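Listed below are the structures to be examined.
Each of the next two complexes has chain A plus one other chain: chain B in the first, chain C in the second.
On to the complex of A and B.
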């Protein structure tokens, strides 16, 4: 083992960690934005509303993330229409492709987590809202969604950490995230043990940060339950 | 008690014999994504110049060989931990690699060359490449060349396989790519390479491709001997002619 390679290459590993953080944070935000309307449609009992999100969730949960990344990155670009569209400056960049696919992927999971949380709200609380004479939109905005966020927080924190690990696949489309950077360094130094251990430690640190963050969020959303 | 001794002896005997069998068989790794040197054919088998050479060498050495596929950037680490015994995968003999493994004499020579879309000017001088997006396969001589010489002017994209580099060339994400001249020559002459051409002249032509083995492995001498034999008896020329109309030795 030659630990000096870590001393030599840690700035590049940190650069990779920053890229990984950006991927996870931006795709999580995108995923959450997409997931909320999807979950709301999904709890509706009419097929007209819940059909589309069901299909979407079925597709994104049922196929591997790697295949989704390849389909989006290499597949879409085979079509001339895509290459000539106004979106091409973004779709050309592996960075935006990765964020979009990771976001679409996590949206499916978050929508299901949120649906579960919405359905787990005790019936009595929903009835209380009705008794107060709230309209549906007010009820969701003021009571049900905040309540559901509180219920889903542990599961949601889990999902974000899964995304952190899923983001390693971005290295397959030339992005220099933490994994991509580690592989590029190893291509030169041939020290896979040392560099992968260092990358693993950095991943642990990042997920620890996320865990702390979600613990705080959990407290914030469930503060009414704290004794 | 006696039974146990017998069973134990039998088990050890069997283990020893499988060991001996394993020692006779040489495991050779190739990548399978570097046509025409190594690729997966329509039957799903590894084929190509490297595979033909490996088989010819094994025939000369009178040993049984098994050819296995391995991802390119894990090649040398896997050789070192004995997942296989030799790499016949168009690996250039470089100083950096020689610190990790030994190489046989070279079995062909190559060089690097830029390529890009037909009809689009690509000046391959350092000044001309400023701001261009150039792709290469990670952990190859071409990839290293970009990092060592052009990192400050070029946007470098590194791919897991050469096939992925071609895909992104076709997608128009790359202004150009740098690759070994011979496989690129093969791709440009095929259907997929339509619309693309070499840019500038070949360079880094002192590139020698050898067979990697573990340090101080006696296989090196055996391979070298077999290489001399296939060079002398015309087997090499025959294989060469199957893939290229000119000598690549």
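On to the complex of A and C.
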């Protein structure tokens, strides 16, 4: 094994790591924004409200991420309406396409996590809100959503780590994230073991970074329970 | 409109390709599940071992698997195994070129991933079996191995089944990644059909529907086994219901 290639190429690997970080952070934000209304509709008991989120979640959780990426990146060009729309310049870009698909994908999982958290809030707290005369929007904004974020934080942290692993698939649509960069370097140096191991170590470091971040966030959201 | 295209596709012979790919997807899933369950049991025993090096090795294994993308593991096994295998083979005097097939590499890589997560599932299940059971068995004079197979495993199995089921569903979707190293499973076959037809949305959507069907069928099978694994509990529930209890 020739470890000097890592010393030579680590700036490129860091570049790839930065791309991976951007993908994960932007798609997580997009996913969370989409997941909140979806989870709220999903907890509704009427089929008119929960039907569409259920179908969405069923599709995005039941199919491989790779298929979803291909479906959007290659598939959408089949429709002329999409190609002529204002969004096309973005959808055509692997970068934006990856962020959008990763965001849509994670939204389905986060919506389910958030739904679980909303349903785990003790009934008494909801009843207390009602007794205080809160309207439904106020109740969700002030009490239920902050409470649900606290409950879901450990599961949400896991989901973001899974997204970090999923972001490696962006390399299949020519994006130079950490995995894509590793492949590019290997195509030049023919040292797969060294470079893939180096990339794996970087992924581990990034995942530890996220774990630490979510531990802090967990403390922030659940500080009322700390002794 | 899309449904028309799909219906036409039924007579184009491409669907046959997709079905062949689906069979391969099922095969890889089964093989990797088997490898993963063996690794998971090993990993769980290692993590619960009193022998420190084994415990640390188990912890490290789970830590690595949780933080490294499956795709990278597949690449590492497929492209990185050649040199390792040839070195080992040369010790035995075999000096020809060796390469893992995409199938074997994929099964090893996804089996490793499955095993890492299964380690946690099994560990939780082992800890959920009351220690008194093990003590009672050893008081009866059973050997450690016999306690494991006769007392612990049958109970662990039941507790671990829902967790393992989820892992199988995740694994089945992850098999799509093996298409990247050229295994002709459902995703790879779909890519080939797309190249021939130039109808990416139609065919990737068809593939998505096939994965969805696989997910649904797997869920039903898993539910059957879960119910079966709980059949010793059922009479109790039934009497409680009859008595108007909880």
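Heads up, the rule we're going with is that the second predicted complex is superposed on the first by the 227 of 227 C-alpha atoms of A that agree within 3 Å, B and C clash if a C-alpha of one lies under 4 Å from a C-alpha of the other, contacts with A are read in each partner's own complex, and residues count from 1 in each chain.
By definition in this document, contacts are C-beta pairs under 8 Å (C-beta built on N, C-alpha and C of every residue); 3 or more make two chains touch, one makes a residue touch a chain.
It should be emphasised that the depicted structure is a prediction, and the values quoted were computed from it without experimental measurement.
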Requested in this report: Using the touch definition from the top, say if A:222 reaches chain B (first), chain C (second), both or neither.
Outcome: neither
Query raised in the report: Between chain B (first) and chain C (second), which, if any, makes contact with A:166: first, second, both or neither?
Result: second
Report task. Name the contact category of A:192: first (chain B only), second (chain C only), both, or neither. Result -> both
Report task. Please work out whether A:92 is in contact with chain B alone, chain C alone, both, or neither, and reply first, second, both or neither. Result -> first
Query - Partner chain in contact with A:182 - chain B first, chain C second, else both or neither - result: second
Query raised in the report: Is A:203 contacted by the first partner chain B, the second partner chain C, both or neither?
Result: second
**Report entry** Touching partner for A:174 - first (chain B), second (chain C), both, neither
**Finding:** first
Query raised in the report: With the two structures laid over each other on chain A, which partner does A:74 touch: chain B (first), chain C (second), both, or neither?
Result: both
**Report entry** Touched partner set for A:62, first chain B, second chain C, both or neither
**Finding:** second
**Report entry** Winner by number of chain A residues touched, once chain B and chain C are compared
**Finding:** C
Report task. Touching chain B in one complex and chain C in the other: list those residues of chain A. Result -> 74, 77-78, 172, 183, 186, 192
Report summary line: chain C contacts chain A in the complex at 63-64, 66-73, 75-76, 79-80, 83-84, 173-177, 179-180, 187, 190-191, 194, 199-202, 204-205, 207-208, 211-212, 215-216
Query raised in the report: Which residues of chain A touch chain B in their complex?
Result: 74, 77-78, 83, 92, 94, 172, 174, 176, 180, 183-184, 186-188, 190, 192
Report task. Using the touch definition up top, name the residues of chain A that touch chain C in the complex. Result -> 58-59, 62-68, 70-71, 74-79, 161, 164-169, 171-172, 179, 182-183, 186, 192-193, 196-197, 199-200, 203-204, 206-208
Report summary line: The answer for chain B against chain A in the complex is residues 73-74, 76-77, 96-97, 99-100, 135, 138-139, 143-144, 147, 157-160, 164, 167-168, 170-173
